[in-house]
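Can you keep this structure in mind? I'll have questions shortly.
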Amino acid sequence: MNRVITLTTDFGLSDGFVGMMKGVILGINPHATIVDITHDIAPQNIAQGAFLFANAVKYFPANAIHVVVVDPGVGSARRPIAIQIGETIFVAPDNGVLTLAIRDWKLEIQSPISNLQSQVRAVHLNRPEYWLPRVSNTFHGRDLFAPVAAHLSLGVPLEALGEPIGDWVRLSQCAASWRAGNEIVGRVAHIDRFGNVITDVGEEMLAGMDRARIVVMIRGKTIRSVKAAYSTVAAGEPLALVGSSGHLEIAVREGSAARLLGIQFGDEVVVSA
Amino acid sequence: MNRVITLTTDFGLSDGFVGMMKGVILGINPHATIVDITHDIAPQNIAQGAFLFANAVKYFPANAIHVVVVDPGVGSARRPIAIQIGETIFVAPDNGVLTLAIRDWKLEIQSPISNLQSQVRAVHLNRPEYWLPRVSNTFHGRDLFAPVAAHLSLGVPLEALGEPIGDWVRLSQCAASWRAGNEIVGRVAHIDRFGNVITDVGEEMLAGMDRARIVVMIRGKTIRSVKAAYSTVAAGEPLALVGSSGHLEIAVREGSAARLLGIQFGDEVVVSA
Amino acid sequence: MNRVITLTTDFGLSDGFVGMMKGVILGINPHATIVDITHDIAPQNIAQGAFLFANAVKYFPANAIHVVVVDPGVGSARRPIAIQIGETIFVAPDNGVLTLAIRDWKLEIQSPISNLQSQVRAVHLNRPEYWLPRVSNTFHGRDLFAPVAAHLSLGVPLEALGEPIGDWVRLSQCAASWRAGNEIVGRVAHIDRFGNVITDVGEEMLAGMDRARIVVMIRGKTIRSVKAAYSTVAAGEPLALVGSSGHLEIAVREGSAARLLGIQFGDEVVVSA
């Protein structure tokens, strides 16, 4: 069956780890279409993985299977899980890395007649007959998650792969929040290749604000107003805008905001109007 | 339809941008075969993108669709365009990034009986019904170019996607030229992973020269004669040769010419014989 | 025919070289499924290429075709070869880069009734009709190995592509060995993205040892006992373990062993019990 399986990991592309996962998948389902989302999550950074994955997942077909392996607890007691919402299936260690993707999914489909909640099914992946014969202590991406995703892509039902569970781990601090009613407090969730600083402040939080009067504070710097595009400021100037992922970003036109403003992953950002 | 769609961008592979483009394409055409040419064009370097894309494109099937997104003007008035030559279709921002690929195409097919010119069709992509429902100001690769390429791969005719145009932007300074009739003046168009320095001096310009007597000057250094292979010099020695892309290259056997000779992108190179 | 073709090279992903290889393959077999193992082999490091390829290849379908291009001798007299074992076919320069993969294959299938040896066939790829019309001196990956693999994936028999040969180059020093009967002497074969140090000491060599009493010496440091998992030591502590590739590894929990212990590719490691 030609079905999309996406891979998001912190494995990098240099060591052959991702290639092995693809070999395992194609050995089980030769017709799977495998797509890399990213393999450059900072090693073991669950929060960054959750953020980048949630941004990308909404652009894939509804029947895709998504494998997310940022897995500092591999070899410990953390559970491997799979969660199905509608036709979409997520396969990951149970460490919160799916938190934002599932939250976004629910926000998206919050119509009153939705019976989404009843459609969310989750299992603890505990049926070794769907794994590689030999499972290492350090590489469940290859030995467990890849074969599970491949079997799912062939139509094996979720419940065949493990015991139903009602709960799974959520990241507690993974999105911006309101402070004292008029300030948004968020964090730097990602710095992209261009040095753009992407925060976890979603566009919907800015809905009631006058963008021309918004003040963004980060690392002791103040940036005034939220612009519509890079081209509204001169080259080398910083600006705030809503980026392509739907989050507040700090950028420098034709430059690296992260470098020029000294901003790092996890830095606090405060937004007021 | 199983048709090749290539991607060439300056997005890198770390941020998930390329994965999103693939998700969009596969959502429209699940049978597309997507191939990465490179995503490591230096950010917003149109000249480098034009050079690397033109080198690669000739190795793809004639019915491939090529998406090239190096797009410093995204969100401004620059047009998104598509150009069709024979069965091949190029999709890109109208900023010159296709200049070399289209020039090479014409050089290749310059037989007198060719009616190539009449076969070149171009459109301004201005039909939003073929884009994502919501188009960001900063990521047309995902929101516009990817869906357009996917629809083209399904057989939607070029003219359905936009208004025909007769002109498009060409890079003015994108190839070496003759000075005073006997000197070629070019530039460093790319430095590859091995530190080889690839110039924009095409092999055809050296046609009338005695390769043993050619003198290459770059960054104050002089390299004599154009060799046939690395193995003609000792390890650590610089040499000039015609590389696999059909351009004059400066290399150091078992070393990095760029580092050892202090050469950078854009440096001038002068060739005489 | 939908058949897997893997690519392992030292070309990197930045220059478009790998994209060109894929274009060539898909031009010959539009239904090939191409998978990257890695393109980040250190430039011209045959030993590292042999090691990473051998680790990955066993996870692919038995009828896959594997192209391995780490090729310092390109343009010289070194032969291009293809080796078939059962349904699996390897395509590479004849410089030893296949040594470990073929050795592992034999170890795997050493049942007394195996007639494996009679199944190993090798050819010198010397039939230019299966190459690109024009073959460069510097890029046989694109001009020779890619088209050969594509033709093989269409079912062209091995012997059509070249003259049978009985010998091929093996790396002499590519695996750990016993010294004085009770010490294993090996080398650092790879350092992965996490800074884990992977040695060429295979798990099978540790079979007769009491893991709790094993002593590993490397760069003047001594690490005692071979653990089962990272979680057996405190964060920041070094440990030895058998990694996911089945080799002895030196790691630091939540840290980079290579950096913290100053270990480099090729360093000697001595194991005793």
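In order of appearance the chains are A, B and C, and numbering begins at 1 in each one.
In this text, a residue touches a chain if its C-beta (ideal position, glycine included) is under 8 Å from a C-beta of that chain, and two chains touch if they have at least 3 such contacts.
Model, not experiment: these values are computed from the prediction.
Judged by the touch criterion defined above, the protein chains are all mutually in contact, each touching every other.
Counting every residue number used by either copy at the subunit A-subunit C contact, under half are found in both chains.
Look at where the CA atoms of subunit A average out and do the same for subunit C: the two points lie 32 Å apart. Multi-chain contact residues of subunit C (touching two or more other chains) are listed as 13.
By the touch rule above, subunit A contacts subunit C in their complex via residues 11-20, 22-24, 26-27, 30-31, 34, 43-44, 72, 75-76, 136-139, 142-143.
Of all the residues in subunit C, the ones that touch subunit A in their complex are 2, 4, 6, 8, 13, 33, 35-40, 52-53, 55-56, 59-61, 64, 190, 192-194, 228-231, 241, 243-244, 254.
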